[in-house]
Amino acid sequence: MAKRSVKIDTKELEAAVEEVVGRMGVIERFGKAADHIEGLADIETDRFGIAVATHDGGMVMGGDAETPFPIQSISKVFALTLALRAFGDDVWKRVGREPSGDPFNSIVDLERHKGKPRNPFINPGAIVVVDMLLDIAAKDETHKTVRDFLAAEIGEEIKVDRTIFDKESSGGFNNRAMANMCKFFGNLNHEVDAVMKPYVSQCAIALTCRQLALAGRYLMDGGEKPLEDESVRARRVNSLMLTCGQYDGSGDFAFRVGLPAKSGVGGGILAIAPGLASIAVWSPGLDENGNSLLGTLALEQLAERMGWSVFG
Amino acid sequence: MAKRSVKIDTKELEAAVEEVVGRMGVIERFGKAADHIEGLADIETDRFGIAVATHDGGMVMGGDAETPFPIQSISKVFALTLALRAFGDDVWKRVGREPSGDPFNSIVDLERHKGKPRNPFINPGAIVVVDMLLDIAAKDETHKTVRDFLAAEIGEEIKVDRTIFDKESSGGFNNRAMANMCKFFGNLNHEVDAVMKPYVSQCAIALTCRQLALAGRYLMDGGEKPLEDESVRARRVNSLMLTCGQYDGSGDFAFRVGLPAKSGVGGGILAIAPGLASIAVWSPGLDENGNSLLGTLALEQLAERMGWSVFG
Amino acid sequence: MAKRSVKIDTKELEAAVEEVVGRMGVIERFGKAADHIEGLADIETDRFGIAVATHDGGMVMGGDAETPFPIQSISKVFALTLALRAFGDDVWKRVGREPSGDPFNSIVDLERHKGKPRNPFINPGAIVVVDMLLDIAAKDETHKTVRDFLAAEIGEEIKVDRTIFDKESSGGFNNRAMANMCKFFGNLNHEVDAVMKPYVSQCAIALTCRQLALAGRYLMDGGEKPLEDESVRARRVNSLMLTCGQYDGSGDFAFRVGLPAKSGVGGGILAIAPGLASIAVWSPGLDENGNSLLGTLALEQLAERMGWSVFG
Amino acid sequence: MAKRSVKIDTKELEAAVEEVVGRMGVIERFGKAADHIEGLADIETDRFGIAVATHDGGMVMGGDAETPFPIQSISKVFALTLALRAFGDDVWKRVGREPSGDPFNSIVDLERHKGKPRNPFINPGAIVVVDMLLDIAAKDETHKTVRDFLAAEIGEEIKVDRTIFDKESSGGFNNRAMANMCKFFGNLNHEVDAVMKPYVSQCAIALTCRQLALAGRYLMDGGEKPLEDESVRARRVNSLMLTCGQYDGSGDFAFRVGLPAKSGVGGGILAIAPGLASIAVWSPGLDENGNSLLGTLALEQLAERMGWSVFG
């Protein structure tokens, strides 16, 4: 595992982060905040934050790195991790691991594949993963939710944004359509309402960039004291983030940034430089695929400057 | 670019290759050779070859590493490289760079996206890329075809398998359907027949594992004398190989192997360990996604043993 | 309206019905009862009933014409009629009137057409129609439900099959998926649960062939005392039954039988010979499109024998 | 067959046609002529013609009833008739008889149903029918083409519009895509080019309304001397025209007009009142589904006035 031994030049990283923050500050087009999710639409789209947790325990921050934002779909990474720890490869009996192509295809694919979602990062896939977490909770009362998991990884208390939670709880008809379709095909063990609640709840968890970067450390190196299993698991989650992590912009993100990453419609992105760093960026303006516009640009520049792309 | 300085332990690599070859020799299920491509169906499916060209100029081989096979879709990588050299980012005006999801969706996507294929590694995408190569040839008589490119990279004369070429020339109705659809939407400058000929021809190029590994070296390090442009280009082609290189098994391949790679229905796979190695494997038995069954397994074991996964 | 004056030869009709019943009695393949709807699967599939209400007030019956069965999707015809009476052409702002092609396309079409179902006889279309009936009920407390409508047309009390109702109430996840999709696109004014209840209830209404034939009379001649509006409405409902009434077998049914008709998964079919007769058949064995196998065959033979096809 | 004996009041029909022509003359929105078919786009869209051939041998005309126009897709009706005469029900082994839903679905359906088009009136269906006509021609040198058939039915020499033919021969890439897809699935016996030529040729046949109404007589009564077979065949072709004859506007046309009909992108429509009349209308302005806007309106008014809807 030669790559792990690579040292990060902290000064260079600090300079890179500073430069990226500076560049983001002069950009005048930030995309549009998600308007289909109430409570997100009124945020100032020019805000930007970044935090980099390095393999050697360092933390480099810039911009609004201490402003909390709802992690939304980034929670899918942590939910998947919990499911993999409990069920191992059985997870893949209920959810696939292929990119889903055009968003248009999602419900078609669900129908064609008889309720088995293409991957755990599209909404129906995450809904099935949450259903698995309920299966664990039913058997094991010490079961950790995504919120517990994050609290443990970060070492701080984690909050759910009640405004977001309340607003999303009363809607989400598209997700309910997907959940019912999964249920129709027998791929949901619990009631649709019972699954939607923790699903919406984990999406509404609010983290700062600093906290999110801390939470992603286990993916950069497989845990502080890497066990073999955890290391393999991290590698696999990284592969899914790279192929499926940015909605219908995953190919473009891999092309431009070259790092495994997961975005959320709240404007956050968690990116992993394997063996090197766990990076969190946030800026609420989204591009046409629903990924943070400034966040993606910042990661592109940082990865280029630091030579962190996994593709050479 | 710290990763580039990593040394490969040649002895360890030789041992790993030997072990992989040994393991492949005792496996009794090899998948099925492609029967929809005449001339490929009667090959012995238990054959296996591997060749690894390392960053420091070494070459480690095992099994049937000197048996030629038709590279088929692997040619799409080289065609794309030529198009990128000539047109740069204009390539992406005519072809996308997103995974295409279910194979079922391919012609639907083509219709929905008005003749712009999802990526250059699905057939309609490669057909549009070949159309670009004809555009170059029309202006520049020193233009290199995929065959010329391979001859230069490998330093040997390259042959087209005439049997394969003749048989595929008289069929390919699915590809002709795709080509006509692209033409209908104005995304094909030349006549369908004029494009199909070089398309079929580059698919019928026959290489050995050793030759294919040599041909892929430019992707591991951006050319023998890496220019900045070539290096960026290699990184980008690698990203496309990882997200789109194994048909509908790309996500699974990334999950298991963790290397950018492109497979062909002839049973070959070219995989890149960025900064480290260019690897070619061949075994004609295919899995249900059309990727070499033993080839994928061998790459999985080699990457695991050598710690080459880009995901940590 | 010359066609209306045509007399039916009652003796010929009686002979035809007797002959049809006799033929159905010797057929040995009856299709398969719907197994996805609990409570329907254990019915004897060789049962067959027929009732013909003629324009001149006659009634000719044969076989199990007095056995009640759940009308299921045939209720969609009556619900549509109530919606048309209340909203007129405004109905078509929320639901289309085109055949839907392959059943596979239903949810795709729903997505592409932004929650506007293709026609009122596919499930999402009928769900939207039931939502309209709730709109009426909210404003008009004398509003008639499908059950009230049927009671008035038939002149008898109408029952809902509680077993069917109870069983279908606890499932229907596919329909709930569709309903949520309509709601997502703003094409459902009431809560999904509030709509599903009357939807399931009208499907569970049990009628005999005799009752169903009586209920369909208004479609053969536009009501006992045909008002101009009612006559136009009947003609239009007939056109929808012909193009969309038999799921994905509508074209085949028009080709073989040549009469506007609506089938239900309970094995019933209501067919209309405009100006001549309202015909109900029932046999619980279904063909691969979900239409009564013997019922369709019986209608084909009766229409042929009586020269009732609308196509000459 | 009581309906056949109905007499048409010629004076009433003449008055109705005159009224319809008058109304069409004051309408100011005519739709848009087909611009994707070169040679059609420069026609004056306010032109309108109508011709009604009655069961008793009469002919009532109005407007531009003697102006020739390319029949385009209306030719599919005659091609199907020839195929049915030669192959009977074997035709349905290679082409279905269900409405195709959204035009978007056409190539998807073709893929899903393994090259078997949904019905003979969508382009791939007609292409397969033309392939059948070539099968007949290969065995029987006295074989009649659509042009021969029309010449015999009308009793006049029939011309192909060479401008239309030449222009369409050099394009049609969407149709060629469909044809290649059929060929790929083994549902085309002849070469794509060999099939496209007569396909384009029959579309370019030019008829006047008078001629087209004469050509359709066999569908109103099964031929001048109705043989049993021909009568059944006419009824079946009528059923297909009603469910599938107006592209994605078939349901709407049945709803508004209530007659079996086939439209062409040249602005013509052939409609059949079974047992009563064969009606041809022409006006080159098209609605959003590609059907003649004034032509459809004229048929709606004529059918309403004469009480000809098959739906009562």
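Going by the order they are written in, the chains are A, B, C and D; count residues from 1 in each one.
Throughout what follows, a contact is a pair of C-beta atoms (placed from the backbone, for glycine too) under 8 Å apart; a residue touches a chain by one contact, two chains touch by 3 or more.
A quick map from chain label to UniProt name: A, B, C, D = Glutaminase.
Quantities reported herein were computed from a predicted structural model and do not represent experimental measurements.
Common neighbours of subunit B and subunit C under the contact definition above: A, D. Both subunit A and subunit B are touched by no common chain.
Using CA-based centroids throughout, the chain positioned farthest away from subunit D is A.
For A-B, the matching interface among the pairs B-D, A-C or C-D, defined by over half of the contact pairs being the same residue numbers, is C-D. With centres taken as mean Cα positions, subunit C sits 48 Å from subunit A. Taking each chain's centre as the average of its CA atoms, subunit A and subunit D sit 56 Å apart.
The distance from the centre of subunit C to the centre of subunit D, each centre being the mean of the chain's C-alpha atoms, comes to 31 Å.
Among the residues of subunit C, those touching two or more other chains are numbered 104, 108, 112.
Across the assembly, chains come into contact as A-B, A-C, B-D, C-D. For subunit B in complex with subunit D, the touching residues are 104, 107-108, 111-112, 173-174, 176-178, 180-181, 183-184, 192. For subunit C in complex with subunit D, the touching residues are 1-4, 6-7, 96-102, 104-105, 108-109, 112, 118-119, 219-222, 231, 234-236, 238-240, 242-244, 248-252, 254-255, 258, 260, 272, 274-275, 307, 309-312.
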